[in-house]
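Read through the structures below before going on.
Okay, so chain A shows up in both of these, paired with chain B first and chain C after.
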Partner chain A sequence: MNLTVARLTVRGLLGRRRAILLLVVPVLLLLMAVVASASSTADTDKHDLTVSILGTLGLGTLVPLLGLVVGTGVISTEIDDGSIVYLLAKPLPRRVIITTKLAVAVLTSWVFAAVPTLIAGLILDGTADRLALAYTVGTLVAGAAYSALFLLLGVVTRNAVVVGLAYALVWESLVGNFVKGARTLSIQQWGLSIAKTIASPGAITADVALGAAIALLVIVIVATTAFATVRLAGLTLSSDD
Partner chain B sequence: MAVITIDKVSRWFGNVVAVNDVSMSIGPGVTGLLGPNGAGKSTLIHMMSGFLAPSAGSVTLDGVPIWRNQEVYRAIGLVPERESMYDYLTGWEFVLANAELHGLPDPGAAAARALALVEMEPAQQRQTGTYSKGMKQRVKMASALVHDPAVLLLDEPFNGMDPRQRLQLMELLRRFGAEGRTVLFSSHILEEVEQLARHIEVVVAGRHAASGDFRRIRRLMTDRPHRYLVRSSDDRRLAAALIADGSTAGIELDWQERALRIQAINFQGFTALLPKVAKEAGIRLYTVSPADESLESVFSYLVSS
Partner chain C sequence: MTNQSDFPALTDGAAADAAPGAAPDGVIHNIGYRGYQGPRLGRGYATRSLFVQGLRGAFGLGRSGRSKVLPMLMLAAITLPAALVVTIAIKGGEAQLSTDYPQYLASVGLLFAEIFVAAQAPVLLSRDLRYATVPLYFSRPIVRADYVRAKAAALVAAMLIVTGLPLLVLYLGALLGGMDFAHNTEHFGMGLLAALLYSVVFSAVALVIAAATPRRGFGVAAIMGVLVVTGIVATIIAGLSAGGLRNDGANGATWAYLISPSSVVDRFVNQVCGLASDSPGTPGMLGAAVFGLEIVALVVGAYLVLLRRYRKI
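Showing the complex of A and B:
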């Protein structure tokens, strides 16, 4: 970790218009939670609503999108406009730059996704079935994995957002919906698998076994970070002439 | 002593060869890297600053390879050509951040010293996004100098500067050179380079075209044969009068253009001769235009000589 890198990254991430994009997730989650809990009374209703808002909308859609904004945002702007030179032309291990930026991305995704998930869960269903806690932990781990994956995309491609969207929407949502096997390689399902373990039995369904989910999460986070470090160390400046 | 050695370096991008078998050695003092746009100057500077791997050959600083070696940045200060530099920071914050990233023991003092060196203290509390080109250039300089490097690499540092800022920066670079630092800057303007650098390296179309003292390069450039296209009231008589003088090497009557194509050997001699001869013979000159004064042709002459 390097405090200067962290400071620059946070200011770059939150100091621009993109910060408004980050607010979409908590605002939407909390709004839905308030509206839904006001309009439903039956307990079974509440349970289903919580699962669809925190699971399908939150963990399924908003968390990957937020991860995409945050993960690519901590590095790809600097690479695109060339200001990354000022970080790289320093006797600073590339590993430190990547892990610091990853830490900023993960913390940001936790603040803007996991915390609102917890609050929305409590509003929706209180502590019933430990759903709020389960989805919060699921969001924490998925947020970290998405951050790491999209940070890597930000380093290796200039079309990180497009590729990231393709993964999150096409692979995880579309393909994952129809092809059961695709769900094994889905950060969302890994998060769900952990959530399932925490919640009361039968409250959440997940397709990946817990052991596999944890192993895959660790592998993805470590491997993407290592690969991003290697790629950053060999970053080539595009030449105008 | 800090010496950058470029040894038989080539760099290609796909099928395009940007730098072709270049060898040069950059030592203490100010060196100018001169060449037309697209000659490969930036590619060379990127390789010298560790942001591009040579496709063949080696680029080293005092014998140590620069590519994938972050430790070299303790000795290298880089002023990139691109302008973006964390627009949301003030000049002070930007230079301070650079000092911290270098891990200097007293980053505040180093930042203050670097900003004073480029005379940017009055504007250091403004966001860099609001700076003019010249001010950005100076703050970039301060960020490159903050750790007192032995080597300073500057990619087209004079671009977009007004004459006063240009003189100021030249003065600064001259001082660094005199202090024994290795200063290398690129430019496509000969006048700029010869005002500042005693030593010049010329690259043209990816090749190392000339190397040496600026006076020698200057002579090479002005002594080359110059071509002119001349139209007058009596081309034939003018041609006869001109060929009698030693400064003219050849004259051709171009029927289609209805003009003379003149090859002069001695640039200054010919430019004085032409109006004199025309006046004495009572010939009116309608057109006198240099036929190949583009920088490219000047450089390509250098390559062939």
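Showing the complex of A and C:
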């Protein structure tokens, strides 16, 4: 960790008007929660509602999108405009740069996704079935894994956002809907698997066993960070866009 | 200089007038440059060139191999399932394709069309903003409106190719498979209407966002966010007051689909063409009128915003 790098990264990520784009996520989650709980009647299935807002909208769509913007935003913008060379020229180990940027990305995704998930869950369903807590933990883990994965993409390719979108939407959502095996390799399902363990039995469905999910999460976070360090060590700047 | 008569030095006389014997310092030779006297191709030609370049650029043609990968991949991803549908139908000797043309776009094609437009709209606009090449365009005969028109037309045309190609594959496959000509032609027409509306509406949304940011990454994520997240939010809201999340009630909540561009197009086409839809809950004819108006308002509004954006660079 290096505080100066962290400060510069935060400024690059949230400075000027960019924070507004990220603010969409918490605002949308909370707005949906308030609207839903205000308009729900006695016969509305609150459990269903919570699963669809926190699960489908939050964990399924907003968390990957946020992870995408944050994970690529902390490093690929600097690689794009070439200012990364000033950072690389400093006597800092590359792994410090990567871990610092990863820490900023993870914390940002926690603040902008996990905290609102907790509040939205409490508004929607109170503490029933421990759903709010479960989805919050799921979002914490998934947010960290998405940040690590998309940070790696940001170092590896110039089209990080598009490749990340393809993974999050095509692989996790589209292919995962049809091919059951694809769900094993899906960060969203790993997060759901951990959420499932925390919530009351039967409240959340997940397709990956807990042990596998935790192992895969750790492997992905460590491996992507290590690989990103290696790639950053041998970075070639190209102007081809 | 061997043949001084052809290239008379401008300052010969002046040099001779100055102190004889002193070496002349600073001589400008006229080496015979001439101004261009031929025909000029003008504004229309420049705009057409910009359109063609934009259309080629949207598919990465004339660019590096790496920029061809993504658009071509999306084109393949949207077309191959259509080929698969045709193959299965012909092999099985069926009398009809298993999917209707507009439904194909709304279900299989939607995501790929969205990714294509999200990825390529910033390619058309953001780069010009970032590298400050826009002023160079405006130093040519084209005016600002021409630039906007050419870029918008290029993206819409590219989207038309992306959404139209799978429909063409389905249609040709159906005809070659000897299926009912009249029915297929009619529904192919409906599919083309849907393709046109998707192209125009998605392009409108994408261009406005892409013109607002010089950063390609942010642009892509923002466009995708708007197109995908609004769809999910609309579905949830529509399900809310339908009681539970089955969204089977044709009631006021279906107006929630107004916030999602893709749902608006899908439901408008279904209503106008009288198709039975997989996605129930379309408001009636009034809904169709409102959805149609919204499409027009969205497109015209986006165009005006773009013109305004480029008034001052």
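Criterion: the second predicted complex is superposed on the first by the 233 of 241 C-alpha atoms of A that agree within 3 Å, B and C clash if a C-alpha of one lies under 4 Å from a C-alpha of the other, contacts with A are read in each partner's own complex, and residues count from 1 in each chain.
One rule holds for everything that comes next: contacts are C-beta pairs under 8 Å (C-beta built on N, C-alpha and C of every residue); 3 or more make two chains touch, one makes a residue touch a chain.
As the structure is a prediction and not an experimental result, all values here were calculated from the model.
**Q** Figure out whether A:Thr99 sits in contact with chain B (first) or chain C (second), or with both, or with neither.
**A** In the superposed model, A:Thr99 contacts neither chain B nor chain C.
**Q** One more residue to check, A:Thr4. First (chain B), second (chain C), both or neither?
**A** A:Thr4 sits against chain B, while chain C stays out of touch.
**Q** Of the two partner chains, chain B (first) and chain C (second), which one does A:Thr184 touch, if any: first, second, both, or neither?
**A** neither
**Q** Between chain B and chain C, whom does A:Leu237 touch in the aligned arrangement: first, second, both, or neither?
**A** A:Leu237: touches chain B, not chain C.
**Q** In the superposed arrangement, which partner chain does A:Val35 touch: chain B (first), chain C (second), both, or neither?
**A** Only chain C is touched by A:Val35; chain B is not.
**Q** A:Leu57 in the overlay: touching chain B, chain C, both, or neither? Say first, second, both or neither.
**A** In the superposition, A:Leu57 touches chain C alone.
**Q** Quick one: is A:Ala89 in contact with chain B, with chain C, with both, or with neither? Answer first, second, both or neither.
**A** first
**Q** Give one of first, second, both or neither to describe whether A:Gly12 is in contact with chain B, with chain C, with both, or with none.
**A** first
**Q** On chain A, which partner touches more residues: chain B or chain C?
**A** C
**Q** Can you give me the overlap between the chain B contact set and the chain C contact set on chain A?
**A** In the superposed arrangement, which is not itself an observed complex, chain A uses residues 240-241 for both chain B and chain C.
**Q** Which positions of chain B touch chain A when the two form their complex?
**A** Chain B reaches chain A through residues 18, 37-43, 46, 49-53, 68, 70-71, 73-74, 76, 78, 80-82, 84-86, 88-89, 97-98, 100-103, 143.
**Q** For chain A, which residues are in contact with chain B within the complex?
**A** For this pair, the touching residues of chain A are 2-5, 7-8, 11-12, 15-16, 81-83, 85-94, 233-237, 239-241.
**Q** Under the touch definition given earlier, write down the residues of chain A that touch chain C in their complex.
**A** Those residues of chain A that touch chain C are 18, 21, 24, 28, 32, 35-36, 39-41, 43-45, 48-49, 52-53, 56-57, 60-62, 65, 68-69, 72-73, 76-77, 80, 158-162, 165-166, 169-170, 173-174, 240-241.
**Q** Can you name the residues of chain C that touch chain A in the complex?
**A** That would be residues 64, 66-67, 69-70, 77, 111-112, 115, 118-119, 127, 215-218, 220-222, 224-225, 228-229, 232-233, 236-237, 239-241, 243-245 of chain C.
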